[in-house]
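Two complexes follow with chain A in common, the first pairing it with chain B and the second with chain C.
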Partner chain A sequence: MIKAIIYKEWLKTRYFVAFIVLVGLAIHIYSFLTIGHSFRNTGRAELWDLIVNRSHFIFPSLKYFPLFAGLLIGVTQMVPEMVDKRLKLTMHLPVREKTMTTYLIAYGLILLTTVFILFNVVLATFLHLNFAWEITATTLSTTLVWYLSGLAAYLLSVFCITEPTWKRRIPNILLSLLLLHFFFITDYPAAYGYFTFGLVLLILIYSTFIYNSIHRFKTGYQD
Partner chain B sequence: MESVITCKNLTHYYGNRCIYENLSFEVPKGRVLGLLGKNGTGKTTTINILNGYLTPRSGDCLMFGEPSSALSPDTKRRIGLLIEGHIQYSFMNIQQIEKFYSQFYPNWKKEPYYELMSKLKIAPKQRISRMSCGQRSQVALGLILAQDPELLILDDFSLGLDPGYRRLFVDYMNEYVRAQNKTVFVTSHIIQDMERLIDDCLILDYGKILLQESITDFVRDFKRYHFTQQNGAPLPQAEGLYHPEQIRNKVEFHSFLQQREVEQALQQQNIEYANLSSETLTLEEAFIGLTGKY
Partner chain C sequence: MKIFNRIIILIAILAMAWGGPKLFRLVTDTSTRTPFVYYSCVDKTFCQMTFSDSGIVRSNKHGKVYNESEFDSILPMFYYRQLLAESRMPDTIKGKAINMRFIRGNSFFFRYRPNSKYTPSVKLFPLFEAIPKRLKLELPEDVFRMNNGIEFIQPETNELDVEKSKKYTSILLKKGYQAPARLVAGNPSTRKSYDNGYFIVDKNYEVFHLKQLNNRPFIKKTNIPANLKVKHIKVTEYASRAFYGFLWDKDNKMYLIHSQDYELIPIPTPPFNLEQDNMVIMANPFYWNISVINNAGKTCWAIDIDKQEKVDDITCLTPENSKVKYGKWIFPFELRFLSGKDNYVKPRFTWNIYSAIPFNLILMLIFVFIQYRRTKRWHIEAAIWTLFTGIFGLIACLFLKNKS
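Right, the complex of A and B next:
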């Protein structure tokens, strides 16, 4: 049964997953080439000075990629369910409402986490080969917050899309924008520190919102 | 007889608009019940309540003895649902959708599904979204046959179908439900199709049930009467005489009363008439006669 649900979700999202992987690879390759270019033109010492003394972050182009990926998966997974109220078909399957909701969310979160881990491994390898451990750790802790924003964007987009009424969906969108803002308060490298764990907690809280939207859909709320 | 669906005192409003109040009905096991009503009388609302997709303002609705708002997976497995417009997962093709659903139903029978699909002139990998409405209806029907549920809920199965596909759908469904003793709750806005499929009808008017009985009894007892008006007599207004209409000096109305009782009713109102006659009706004519044209 779980395999069937994964199969359905995969059919909806597979082309977009491929697109996200391609875009992610392109951004990473572009970032690596840019840094390589800086190595050659300005010299390693200059670049180190920028990173260590002036807290310059060298992968700014990665900032919105996870956000974009999270939104795209949320939209491609849930819009087909909401068109013609196809979610009714899903809710009619012999699985309890909350269990089905959990499966749907888990699919998106696991998919995104897998893609994000893949890119983090690529990034970590590049950093490990070119920089000291401290710079690698600072960079990864900075990008971790952005990757968490991707998971939050996914959950909040599902929360907004599955809400059955526009009267409630519009405030939900505004609330979601505010909640996403927590992930972009500062660009300063590794600025979030231990608050990153707080962001993980926020994501867990955001995931509970979806149960409410889907329950409202299931019980027939409408404009 | 055991009831598969039991609704007691259902009341529902959209905002301040009353859809119905204290609606009660039962669907016994093995019967095919057609829910008939004009647009806006609450047919889809009732289907949504039955499936737990709408919470009524008050009242209870039980499916196989369970509240429809909290059906267990085992009970859901016993119910086949056709959503209005033959909605299915349009991003799948016919093989993918069969593979998907088969995982949820232990008694899945793929043979009737593929038998039906073989009659459609479609490529095996053609997505459902690229099929015609008629082809989509066959996919939805095939999936229900493969699921082999005990209860089928079909919401406006004729929507968007041409006469050929409507006939195909009804013929298949008829054969299936009679052979397997299935229980069916069905709505359609094309009453002719229902006449060939249903045993009992439940006719809704705005806010209430007008009638619930077998269609055999309904079309046998409910007649259209005509008479020629004499001396400018008024239209009959007695209880039990439905929707009188006059075209020139010909008066027409409908009634469950026998001709003798109709004559008495006309005489009590001092209506002068001549050539009173009655005729039996098709289900569609009887439905319009009971609910009115407007």
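Right, the complex of A and C next:
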């Protein structure tokens, strides 16, 4: 049954996953070309100097990509379930409510993590070839926070979509916006160094929110 | 499922503890300008310029008020360009002949902010040629990192310059360097007239001076005592070339590193904490105005350079913004992620539990009343929760609590 559920989720999201991969590749290629342009016109030493001594960040265009990727997967996975309350069918399968919810969240999280790891490998390879490991580490620790924001966006979008009533969905959306902002407090490179583990912990906490929404959905809360 | 609902409420309270006070400050905050203070070598007392809605007031520490022109003339070391332009500059001060070159050559402005030290940084450093062929300093073609020795990396190829690294490392090790480096202090900018290189503090708190002279390494173990346990060094490149920079020891005591054999000269400063306080030094040929600025206000000492001692001091307290302080009564606690003291994101709580209790009590009664009218039941647990978490708890419970 798990295989069937995963296949169902895959059918809903596959075109959008392909879209995310294509957009992600386009953004990465554009960033690499921009840096190559700076290498040729400004000089490598000057660009290194900007990064090292002026705290310049060379991949600003990556900032909101993971966030939109997370939102897109959340929406495409859950909106079809909420149309005509189809999620009720899934929840009436002979699997515990919590277990089914876990499968649904795990699908999205694993999918997004796989895509994000792929992009991080591409990014790390480019950085490794062109920059010292100190610059690579600083850049990856900055982009890691943005990729974590993608996972948070996925979880919070599912939390809001699966909520059965608009009366509660609106506070949920406002709360989610505040919680997502935790990942974009500053643009200073590697500023989240001490708090990355805290962000991972927050993502784990956000994942528990969905159990509440789905429970409310299954129980038929009207408030 | 109750537990998941409680987690949502808890996280919502944290989110509101961050967003609520931030929004409140955005609406109520106004800037408070601390007065400009400067020691007058003419009046032999501190003079200040205060800014208010009614305008700028120029006075000395004892309350004597000056007009703009008089103020210029009692602070000739600060307004020397204006005085020279108006031919009002005295010929001598304290028995010394005064001209623009003398003032410029012996004046400097130094600023320290905690977030310049406590900040994420890439530990790569450009080593400038300190005796450049052309007068202007040029960005070197490599950068160095400190590990067991010194490694030079060339950005063009992203590869190590093995030969240069070996040359510098062997000299550094011969001088007694013990890895890892605790601090590498320099001024990695070409916007300076000369280069003082880097000061490196090793594992044993020994301080080494590193420069590149005529393409050759200059590495010297300084006589700065290791028992000072150097906490911070700020290298400066001022026109007088009299010193290499400033040094702070483990007790936040400040010294000047004299360019004559690295002699350390203690500098009297107001109480200062490297982690918390800003420091500004406005130096002229006669006095150094050393200001320590923090949330409480600004304390400035005037130091006589010849005697190396404090001659006067002044303290200006920061007035509390009357509207902002209401926040303490409304919000029982506040969560911030940023601080002016560093560039790291981390949770920082400010607790106002006691000052917010009266407001929380009112909110609790409102909550109990609303809930009783809705459900005809007393929600004791949620009421106690509101008493401690105040407006955040009330909003979270009203909008996010599941009905049982």
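Just a few scattered comments:
Definition applied: the second predicted complex is superposed on the first by the 222 of 223 C-alpha atoms of A that agree within 3 Å, B and C clash if a C-alpha of one lies under 4 Å from a C-alpha of the other, contacts with A are read in each partner's own complex, and residues count from 1 in each chain.
FYI, a residue touches a chain if its C-beta (ideal position, glycine included) is under 8 Å from a C-beta of that chain, and two chains touch if they have at least 3 such contacts.
It should be emphasised that the depicted structure is a prediction, and the values quoted were computed from it without experimental measurement.
When the shared chain is aligned, chain C comes close enough to touch A:216, but chain B does not.
Of the two partner chains placed by superposition, only chain C is touched by A:45; chain B is not.
The larger set of touched chain A residues comes from C, when the choice is between chain B and chain C. Put simply, chain B touches chain A in their complex at residues 48, 51-55, 69, 72-74, 76-77, 79, 81, 83, 85, 87-92, 96, 99-101, 103-105. Interface of chain A with chain B (complex): residues 1, 3-4, 7-8, 11-12, 80, 84-86, 88-89, 91-96, 218-220. Within the complex, the chain C residues that touch chain A are 1, 4-5, 7-8, 11-12, 15-16, 18-19, 119-126, 139-143, 145, 153, 155-156, 158, 188-189, 337-338, 343-347, 399-400, 402-403. If you check the complex, the residues on chain A that touch chain C are 44-49, 51-53, 55, 129-132, 134-135, 138, 168, 171-172, 175, 178-179, 181-182, 185-186, 188-195, 198, 205-206, 208-209, 211-212, 215-216, 221, 223.
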